[in-house]
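For reference, the structure I am asking about is given below.
Each chain gets a letter, A, B, C and D, in the order it is written, and its residues are counted from 1.
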Amino acid sequence: MGILRMGYIHTRVTDLAEAKNHYANTLGLYETHAEDGKVWYKGWDEWDHHSVVLEEGGVGVVKYGFKVQYLEDIDRIEKKAQDFGAKTERFSAGEVAEVGDGLRVYPPSGHVFEIYHEMTSWGLEVGTHNPEAFPRHLVGVGVPGLDHSLLTCEDVGLMEKFLAEVFDFYTAEKVMSSLDDDADTLGVWMTPSNSIHQLAVIGGPQGKLHHFAFQLDDWAEVLRAADLFTMDDVSKDVGPTRHGITRGKTVYFFDPAGNRNEVFAGGYMAYPDRPCIIWTADQLGKGIFYHDRELNERFTTVLT
Amino acid sequence: MGILRMGYIHTRVTDLAEAKNHYANTLGLYETHAEDGKVWYKGWDEWDHHSVVLEEGGVGVVKYGFKVQYLEDIDRIEKKAQDFGAKTERFSAGEVAEVGDGLRVYPPSGHVFEIYHEMTSWGLEVGTHNPEAFPRHLVGVGVPGLDHSLLTCEDVGLMEKFLAEVFDFYTAEKVMSSLDDDADTLGVWMTPSNSIHQLAVIGGPQGKLHHFAFQLDDWAEVLRAADLFTMDDVSKDVGPTRHGITRGKTVYFFDPAGNRNEVFAGGYMAYPDRPCIIWTADQLGKGIFYHDRELNERFTTVLT
Amino acid sequence: MGILRMGYIHTRVTDLAEAKNHYANTLGLYETHAEDGKVWYKGWDEWDHHSVVLEEGGVGVVKYGFKVQYLEDIDRIEKKAQDFGAKTERFSAGEVAEVGDGLRVYPPSGHVFEIYHEMTSWGLEVGTHNPEAFPRHLVGVGVPGLDHSLLTCEDVGLMEKFLAEVFDFYTAEKVMSSLDDDADTLGVWMTPSNSIHQLAVIGGPQGKLHHFAFQLDDWAEVLRAADLFTMDDVSKDVGPTRHGITRGKTVYFFDPAGNRNEVFAGGYMAYPDRPCIIWTADQLGKGIFYHDRELNERFTTVLT
Amino acid sequence: MGILRMGYIHTRVTDLAEAKNHYANTLGLYETHAEDGKVWYKGWDEWDHHSVVLEEGGVGVVKYGFKVQYLEDIDRIEKKAQDFGAKTERFSAGEVAEVGDGLRVYPPSGHVFEIYHEMTSWGLEVGTHNPEAFPRHLVGVGVPGLDHSLLTCEDVGLMEKFLAEVFDFYTAEKVMSSLDDDADTLGVWMTPSNSIHQLAVIGGPQGKLHHFAFQLDDWAEVLRAADLFTMDDVSKDVGPTRHGITRGKTVYFFDPAGNRNEVFAGGYMAYPDRPCIIWTADQLGKGIFYHDRELNERFTTVLT
């Protein structure tokens, strides 16, 4: 009951042909629809119609979709959003392609969030009867599905409050300016579920995208992904390495438009009763890149 | 809201000294208490006081504990259990060592389930401030924590109904005698969360334990565990291999008393809106042991 | 100077079409030639024309090829073979397809060995200038190349003597009936190089093939191979597991004709000054299958 | 017949206590002797008395040892070295601790090479009878042994000629200024065996050490090593990543004195008949760091 997960991300890309090559041939997403300068994708282990929408023209994130378990969850979130003071608007089935009746919410981060309960079902690529462990003929990296996103906004603490109060997310890990009582919240890794993070927030300009991530199974797949990025001339940012925050194994890279992507494996199961992990600003480098123990400048400055 | 996870398993062992050697020195659990022929353990990545309780005398499972998110969840489950026709009884803080007020429920499988909201906090071994990725000096396999259990009972379908209606579990995967409408349910893999399974049920005698499992991070750790089992003369059952059901990577083995254990890595994130995977009896071998594609006799006959 | 490696194995298969599907589509070997009921294969990381030759009609090994570093090595081996009392015969360039002038030797095991210095060059699939780490589009398991073979004969000690004296192989590991001075040699793992074994010999019928193996990089690739064998309905024998002998990680399986194959990863670098590892018959199970610690009957009885 | 491998490296360290902590507690080498400001180490999978010698006072490499298969190889190398014009001198058993009679050679790179046939035997940590796959209680990273070294000198082409003519090494991979006939040789990766490299040479000051490397089994161990380096505050240089050259997986890091170390896993089996891989200067970044595809300044400037 409540939000199940980040169900889709809709992003802009400067050149759709280049982007399709990247997301389909290198990452191995399955195209489920294309129309009017847009293309819809899903991973092989996803069952809904899409988890990624690309739209030609510019860069950055147009909007995020969050799927709820029950139709009534939409009403509840609408009420909470309005109580919080966030603008909302309803949309009807079909207004958002392949998506049922839903709610658009404008959180304090300057992004657009869509809440929905229904999306056209597409089915798992391995089927549901006596399935194989993965599709026999994967393309490229063969990502199973979307994982999470990191966005920026001016007031991280306010956005954490919004996600906690309106979306019932909890904070699995956070970065504080210090351990003092009046310390500032510099970043939060939040989730409504056992996924270690569905949405993370760090300080920066309003409405910007830091990255969105695809799942991988393990460290061996992270290496193979990094190898394929070299073969396919994908612009790599950082990795393979481990995050201190979440413990996940990772490669950051850029799509041809310059949007930062990630492949992410591992990380522990989050629970609301698990102690929240606190990182302090002086250890942020280790928190983000566990092996390098320092940030590179790109990490904090390149946003779309 | 509702059950977070299987929080503990309390089992009997024939010889406590041998069992301690197995669970502490080979598996690497941390002993948090010992008293009167009992010992309490937690994994390094668990924060509550214990997830495993051993009691000298016999074999098999004494009872399972399930932790709920809110105190009110206990009332709700009590009501539902009574509606279902299951016997329940309340227990007070301290009656179960280190556990707060709770509810004992007697499901149709012949087992004993304890529902609780509070357990004495012990803390993560890596701490909560700028933690390392894992403890620098792990012992043996170094399992981070308890994962799930498989139990047997005479009426799998009835037990599935109990777990769905009373515990709000859903079925991620199941084994059916066939794809016919009137097919029998031979096994169910159920969860209240994104964990691919917290409790699985297959047909067999009432009140028996098939195995309980500890988490591992990935396939590399599964190999290392199997290697250590050989070095420590642990009685191995099956593996390393992959399950078709859940896709998890696994080794089955026995503790010195003969209770079956498992180390389990991977498996996808479960979601209540994900299509339930159906295995048919003729493919059960592949479902259980994806590589061998056949069961060995021990798997279905050795229970404690 | 001397034998570089086992360069090829020439085997019989009952049905060439089925065999081609197995070796090309599942294992991912590259076909370099086909003619008259025969097909020639190489792995992506091999540079000579072929390492596997299949010939329709029956099962088992027709002959093995061993490549020498210098042309003069052939003369030297001929002399030593004759001194040993082994029958030899010369063959001219072209008699063996794509192979230069060479020597056929009949070792005491009842097999046929061909010694050669030249084979038509085919080239690495990744090329030799600024190569990628592996081909971008591998098929199936994508084995890089042939690794080693295990054969049977009646007198293991005599065959070890032949390989040591005539081929300058040394014994990296061996299985003895006991640690007594007069113990029998039950098996030997021998090599002319740092490869942990190029040819292993165990007791059994003359002239038989136990298995031949393909290289894999690591334990992650061993899992993926086992997964693909399930998807492609390959008859699996044993694994994934580790050998005690050589420490290699392995899956044994059968080609459609019933010849046993292996995928093999790891194992340490052998050196002639490294102490020879001795396994005793009572620990043979652990030596062969480190995790199971016991042999299955198939391992010792199914030969081709 | 000839050089088996680089058997030891003797280096200087500024502070022996710090160095011992690094090589013994973090890397897990076994101390076999200590005396007069020196300490001798071996890895768990090495059988000779030592592979690393540390000497307090300064940084950089004092000398390298190369073990030959036969005593006569020393005479042969002496003759060839003198023919090449290199200065040589004999040393007697015991002059170099735990080493038998040998030959000191002064190659054109400005380093000191010792050729020896005998070293006091210490034995494998797992023994030679029915051994376990690795020691049950490894310390830290638990490196099995020394792998290779990269040194610098002014004339790479001349040093390649020396290693080829005097040591019978061959070049597995090399970096050329271009593909033109008169291109300069910028770096060579050379070996006398199937080890992908025992000694690599790049242009730079005479007599300097770029790094020496320890073996690891696979990519999973590379991650664990990188994790432990963070926990133990080891100064990391680059990685985890893959090399284009050799395909090996790697982490570069520094000992407390500032000598660069590496942990290295994988890489293919080298053969003298395998085509030599040529990298061109414009692709050097990809050759060294396959994922980043660019060098950092430290890589070419920090030497000891």
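To be clear about the criterion, a contact is a pair of C-beta atoms (placed from the backbone, for glycine too) under 8 Å apart; a residue touches a chain by one contact, two chains touch by 3 or more.
A quick map from chain label to UniProt name: A, B, C, D = Metapyrocatechase.
Here the structure is a predicted model, which means the values were calculated and not measured.
Set against the Cα centre of chain B, the chain with the most distant centre is D. Interface chain A/chain B: over half of the residue numbers present appear on both copies, so the contact uses mostly the same residues. Remark: chain A and chain B have CA centroids separated by 30 Å (rounded to whole angstrom). Here the spacing of chain A and chain D, counted between their Cα centres, is 43 Å. Touching two or more other chains at once are residues 133, 218-220, 227, 230, 242, 286, 290 of chain A.
Of all residues in chain D, only 1, 4-5, 45, 47, 67, 69, 123-124, 128-131, 133-134, 144, 179, 193-195, 217-220, 242, 244, 247, 266, 268-269, 271-280, 283, 286-287, 290 touch chain C in the complex they form.
On the side of chain C, the complex with chain A involves touching residues 132-134, 136, 218, 220, 227-228, 230-232. Within the complex formed with chain A, the residues of chain D that make contact are 219-220, 223, 226-227, 229-230, 236, 239-242, 249, 251, 286, 290-293.
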